[in-house]
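Here subunit A shows up in two complexes: once beside subunit B, once beside subunit C.
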Partner chain A sequence: MADKESRPIAVVSKSGNSGGLADLIKRTAAEKIGPEDTVLVWPNLVYIEFISMLAITTLLLALAFFSPAPLEELASADTTPNPTKAPWYFLGLQELLVYFDPWLAGVVLPTMIIIGLVLIPYIDPNPLGKGYYTFSERKFAVTGFIFGLGLWYVLILIGVEFRGLDWSWYWPWDDPHIHKPAGAVKLVDMEVIFQNALGLSETPIVTVGRYAITLANILTWALFIGYFVVGITIPFLFMRKFYNRLGFVRYNLTMFLLLAMLGVPLKIYLRLLANIKYVLVTPWFKI
Partner chain B sequence: MSDIWGYPYRLGIAIFVTVGIFGIMGIFLGFTIWLENSFKKDKLKK
Partner chain C sequence: MKKLLDRIRENVTKTQVWKSIFRHGYPDTDANRALVMFSNVILHLHPVRIRRGALKIKFTWCLGGLTFFFFVLLAITGVFLMFYYVPDTRRAYNDIKDLGSVIYFGSLFRALHRWSAHAMVFSVWMHMTRVFLTGSYKPPREFNWVVGVILLVTTLVLSWTGYLLPWDQLALWAVTVGSKMAEASPLLGNAGPFGAELGMSVNNDIAFVLLGGTVVGQSALLRFYVLHCLGLPLITALFIAVHFWRIRKDGFSGPL
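== the complex of A and B ==
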């Protein structure tokens, strides 16, 4: 007679279910693979990790050798460098300051990026890709993320390589010691463009505290809100499966974050190609 | 209207930003697809 201790805790039936507590937990793809399909940590994984470590160390040594970062003289308020550049990993943010209000470039957008990244596990219900590598099953998520990564890297690249004296743009073939002319382009707000194009009055319709609201100002609000409303509605109408998979809250959060991310290069293009300084102007913030 | 190609290189920067974003995307997506395919061909995987 078998005593209590030697009895197996769970007996696996032919269907693979033990009938025990473990059955209540949803198994991931990796767990469904039996031991015969798995490989050993040593040597298979540790070997690859060791080779990766050697490769990265070599790369870092080569970088340190060919791109030295010597300590400069002590900082002095009398001789501030021109341009004053942040460490490379902050230059994306510094570059955003060219195109956005400091409040937006320095506070709102970084906060939205961090919150957006934190939210990813909650707004992405796609269970595929757990425990194994896949792109084809997660095209939207991976492409969306890589777009943000590309945008960020380009901004850093511009800040590191293409910004010179007075934060002006210098191509590699430009002389970095010659100042560029200031104020070469006159920038205007979207509100002024609406006023001029539609012949709208500059007289405010209503004044709320410091905020004098003109008709053109209301139109810029409509444009700004309309960007998000249209951007959220179009996939809802034409990609209903996508909406159904995410649900109301997840869908709206995803689309809002996606549109905000796409809005960054859009605003950059508006500034560069249409000389628009701000799309929306209020006494408290400018976008 | 000022020369769009001249300083401050508005069109040049716009093209640079576009090509840069999609270029970097291409590199990362290419690597992602290559990685997925190479995992499919993994000899250790039965």
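== the complex of A and C ==
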């Protein structure tokens, strides 16, 4: 104890604390943040900021003048407007409701999007591309991100422009006031397709509470889990360099998120092309 | 005339009152330009010097700064709107109509508020895209990206809570869509997977917490109003402060 106290801790700043401002200015003038030259923030950066603020304010004022804020009729719990649309930045999720149940489209997928975004810096091991635009040095990252972003924007676009009464598909030239005929398309579950295609029986192999598990149901589970297992294993086997660069944890996270993201348009295609409603059915949740 | 103005300026800027407020001269000398960054509370967000390459507009497109600017504009126009709006379902709608008709500049402020809100959501997405494409989230800036995602979420929730306040059909049903999704949450919602098994009902699930009730009514309006005007702006301001702090500490990632 006495030992530590007797040893003085030398913390003396080089410039001292008075008359330091002149030193500071000299220091900042000579400060090299790197081999490049530096310029003073005033006026160079401050002017750019000021002008962009003026420009944007002008733009906003013009917009406000020519397009005032809308106001519809008084809220009424009795009358549901048709269609009921969320704000445009949530229309992507609302469009997903066509293809996924609310718990998936509204809760699980948005949460996965946010968690995926948060994880990006931690699963990206590539040191290149920091501080400049490039595609060739980070093809995987940029492609993945732009794909996800593009998917998001396409869903929003569809929700804004192509959905009308009863959330049916309306081309721009369709009359928005005329209801479209209710879907003559009959939707089937993947399970039923397996049953019919393979001639499987409908009697359950085992029943757990409410859950009557048929062979077809087990096959759909196998397909669903197999999608992820196969998707994670294939690059591990054939693109070992990729796996080695990421390491076990990062690789699994990356591949899981990627497969989940690709699963969204995949399920949309299954729905549109094969009229499949659910790929996996249990009494508690349906995917 | 110019000499007269110069003389006036000379005299004014040498008074005690002036010097007590502005502890630097006009930034037309290098010394003052450095001083102003230290003594001005708004400007001290900036460093004294930056790399020449960092000024390139085509690098950042001013998106982060614009997002902050929209936030400030929303706060200012929002305060104005708050003078004329009461979150009571019986009069909220009429208050908005008053803003559009009898209140001077009411229509302008409401339109500015709405456009800034849409612009802020849009510029936040664009800013995130830009940061990704320039790899400005790579070490040591990972946590700032996380803070940015948190800000994205608060921006979206701010926008959504504000959507309810006019209490028109669009507001009511847009929020109903959202609360129906909340009801469908797994585990936490009464209509979601495993919700019923965990004892979730309409009276105690996450949607009930959000709305303060089982329908989008007076409780929901008050809750959304408090969140929109007070709770979320405070949280957002806190995370904005962390976000800017991190940028100053880690340095601008911009080009050489």
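Operating definition for what follows: the second predicted complex is superposed on the first by the 217 of 287 C-alpha atoms of A that agree within 3 Å, B and C clash if a C-alpha of one lies under 4 Å from a C-alpha of the other, contacts with A are read in each partner's own complex, and residues count from 1 in each chain.
One rule holds for everything that comes next: contacts are C-beta pairs under 8 Å (C-beta built on N, C-alpha and C of every residue); 3 or more make two chains touch, one makes a residue touch a chain.
Source: prediction; values computed, not measured.
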With the two structures laid over each other on chain A, which partner does A:L259 touch: subunit B (first), subunit C (second), both, or neither? neither
Touched partner set for A:V188, first subunit B, second subunit C, both or neither: neither
With both structures superposed, pick whichever of subunit B and subunit C touches the larger number of subunit A residues. C
Applying the document's definition of touch, where does A:Y133 land relative to subunit B and subunit C: first, second, both, or neither? both
Using the superposition on chain A described above, determine whether A:L272 touches subunit B (first), subunit C (second), both, or neither. first
Using the superposition on chain A described above, determine whether A:N44 touches subunit B (first), subunit C (second), both, or neither. both
Considering only the touch criterion stated at the top, classify A:L149 as touching first (subunit B), second (subunit C), both, or neither. both
Between subunit B and subunit C, whom does A:Y89 touch in the aligned arrangement: first, second, both, or neither? second
Please write out, lowest number first, the residues of subunit A touched by both subunit B and subunit C across the two complexes. 36-37, 39, 44, 132-134, 142, 149
Interfacial residue positions of subunit B with respect to subunit A in the complex: 2, 7-14, 16-18, 20-25, 28-29, 32-33, 35-36, 39, 44-46
Write out the stretch or stretches of subunit C touching subunit A in their complex. 27, 30-31, 33-37, 43, 46-55, 57, 62, 65-66, 69, 73, 89, 93, 96-97, 100, 107-108, 110-116, 118-119, 121, 125, 128-129, 132-139, 141-142, 145-146, 149, 152-153, 156, 159-160, 163, 166-174, 176-178, 180-186, 189, 191-194, 197, 215, 251, 253-256
Help me check something: in the complex, which residues belonging to subunit A touch subunit C? 21, 24-25, 28-29, 31, 33-46, 48-49, 52-53, 56-57, 60-61, 63-65, 67-77, 79-81, 84-90, 93-94, 101-103, 105-108, 114, 117-118, 120-122, 124, 126-134, 138, 141-142, 145, 149, 284-285
Under the stated contact criterion, what part of subunit A meets subunit B in this complex? 36-37, 39, 44, 132-136, 142-143, 146-147, 149-151, 153-154, 157-158, 162, 168-169, 171, 180-181, 184-185, 265, 268-269, 272-273
